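Two complexes come next, and they have one chain in common, chain A, joined by chain B in the first and chain C in the second.
Let's turn to the complex of A and B:
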């Protein structure tokens, strides 16, 4: 028997500016009692800042520098790549946003309901007039993810910015 | 609300229905997992894997074909920079995984897409992405080809050595 999945869990479209957006109380089970395995996050957002600001996500309000991240990218028509640890929330340059420049980002968090796996993430950041980045990350925490917070270096997200979460049963 | 998305990067589109066909959670250190009698009711398949193996690798074969009919072209980020390469005329598709010598809880993450797997007029093509951030660091994008026009009815996923407990392999169908 097959199980329809890829369920929309949360959709936020800002009607006023907000310095952060938190998707909380992420479910572990779908409507039929199947366990969600993977969490897909999408964002399409800008900020009130006139300067580029990094988009970041934080899992379970965890502010420790427990993330290892790698990516390769086209930045302004040049190949770039980096791997770095100790990261708290921020992602790559292609995720950066300002008041006239939105980014479109997706994050795939594998086995987000597991309590014995560190969280492995695939991400993609697209900033149409400047950059495209493909990346992976590992968050050294085995707790199930029950909330995700988007932020941009403390600058408010613009009205109309969107943040969505989907759950995939497995 | 249900949304189906072919793209492994889940780029926010929708329309097709995305359905879980079968999932396997490893216990007892198995060396392979087989999805048999794969439903022919879909256009595309996606396989999502969270993997850790004894030897650090995972392989995939279709319809019990073990001959050198598999091709991959890759672009990848590793500790030495960004590189490209090809695996031509291989007996399987292959990817790296976390190994038992890595820190507990390290698992690699994979999405593998197979396009038009029921079509008997096309060689079977697909693509994949995976990341491994453990003893080794990899971020790899791959195109792949199975030099066969048969509809895929069986998918075998093999470990290098054996699968570690909690390795998870899920098969999804996407209607078109």
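Let's turn to the complex of A and C:
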């Protein structure tokens, strides 16, 4: 029986603004040769926009729009729930961000190295002064995930924004 | 291994708060996992609050209990996962996760809290799930936290696990 791990795969702290951040060359094996099963992404970020924008991720630079996602939330002290099919932006939008670093989001991508199942994503986002949300998405593609790109509707991320990836093997 | 258990706290006799002190400053993220039960009546489950560096914050919550869904906003909201003892199934505990990213930085810290509790299916406060989060008032590195049950004592065998992630 292998020992589960929680390994830091990538850490990015922006020292200049960037319109997107890509974590690439995600490994399939840990240092002991065990296959990574799950991918955990965390972000604490903001954008140059004074208006709320969506923080989204895209797997493997896939822009085909083959996504289905749903969420429920406290949005500005009102209950909200919604489902999107074939998300028009082609991004898995999870959190809302604007010109502060108060938006925190985690994404869990299950069995990301598999090549025989569509990828499912569970996300949990916290925009401190606006929304708490929990949601999920399915990406209609079976390829292993080897890169993830973060974007916020094209608005540059602020200096100090952080993006990390952890792999769980076992 | 980048996720390391720093400390385990276990309640042996009823207390009204749990202090987490001396949080190490050599990691990036802080994760608190708590298994808790409180001493209140099932009709008045008060949940718990928490402070960071001795202060509350600005929080929002959305939670479900039985068939209700509720949204709240406030500075010292209660996380509704207290698992009241009165009428509750013996040995049942609620579970809570508190995540603070970049906790060693000097900034107001975003905090995400997820909790669930289930003990009695047919009473008002018997089943709960919540998303809770916001921004700490303190803008200093997180060195201490306090878990507070202001109305009802925290029951024995409540456990708090503190992990650091780097």
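Points to keep in mind about this one:
To be clear about the criterion, the second predicted complex is superposed on the first by the 157 of 170 C-alpha atoms of A that agree within 3 Å, B and C clash if a C-alpha of one lies under 4 Å from a C-alpha of the other, contacts with A are read in each partner's own complex, and residues count from 1 in each chain.
Everything below uses one rule, namely that a residue touches a chain if its C-beta (ideal position, glycine included) is under 8 Å from a C-beta of that chain, and two chains touch if they have at least 3 such contacts.
Predicted, not measured: the structure shown is a model, and the values here were computed from it.
With both structures placed on the common chain, the touch criterion links A:142 to chain B but leaves chain C unconnected.
Contacts of A:103 after superposition: chain C is touched, whereas chain B is not reached.
By the touch criterion stated above, A:118 is placed in contact with chain B alone, chain C being left untouched. By the touch criterion stated above, A:134 is placed in contact with chain B and with chain C alike.
When the two complexes are overlaid on their common chain A, residue A:6 makes contact with chain B and with chain C alike. Judged by the touch definition given at the top, the superposed model places A:78 against chain C, while chain B stays out of reach. Once the two structures are overlaid, the count of chain A residues touched is higher for B than for its counterpart among chain B and chain C.
Residues 5-8, 42, 44, 72, 79, 104, 106, 124, 134, 164, 166 of chain A lie in contact with chain B in one complex and with chain C in the other.
Taken in their complex, chain C has these residues touching chain A: 1-3, 28-29, 58, 60-62, 69-73, 99, 101-102, 107-108, 110-112, 114, 131-135, 165-166.
Interface of chain A with chain C (complex): residues 5-8, 11, 42, 44, 72-74, 77-79, 101-104, 106, 124-126, 128-134, 162, 164, 166.
The residues of chain B lying in touch with chain A in their complex are 1-5, 8-12, 17-21, 23, 39, 48, 50, 75, 77, 79, 81-82, 103, 105-109, 111, 129-134, 137-139, 141, 166, 168, 170, 172-173. The part of chain A that touches chain B in the complex is made up of residues 2-8, 34, 37-38, 40, 42, 44, 68-72, 79, 81, 83, 104, 106, 108, 110-111, 114, 116-118, 120-122, 124, 134-138, 140, 142, 164, 166, 168-170.
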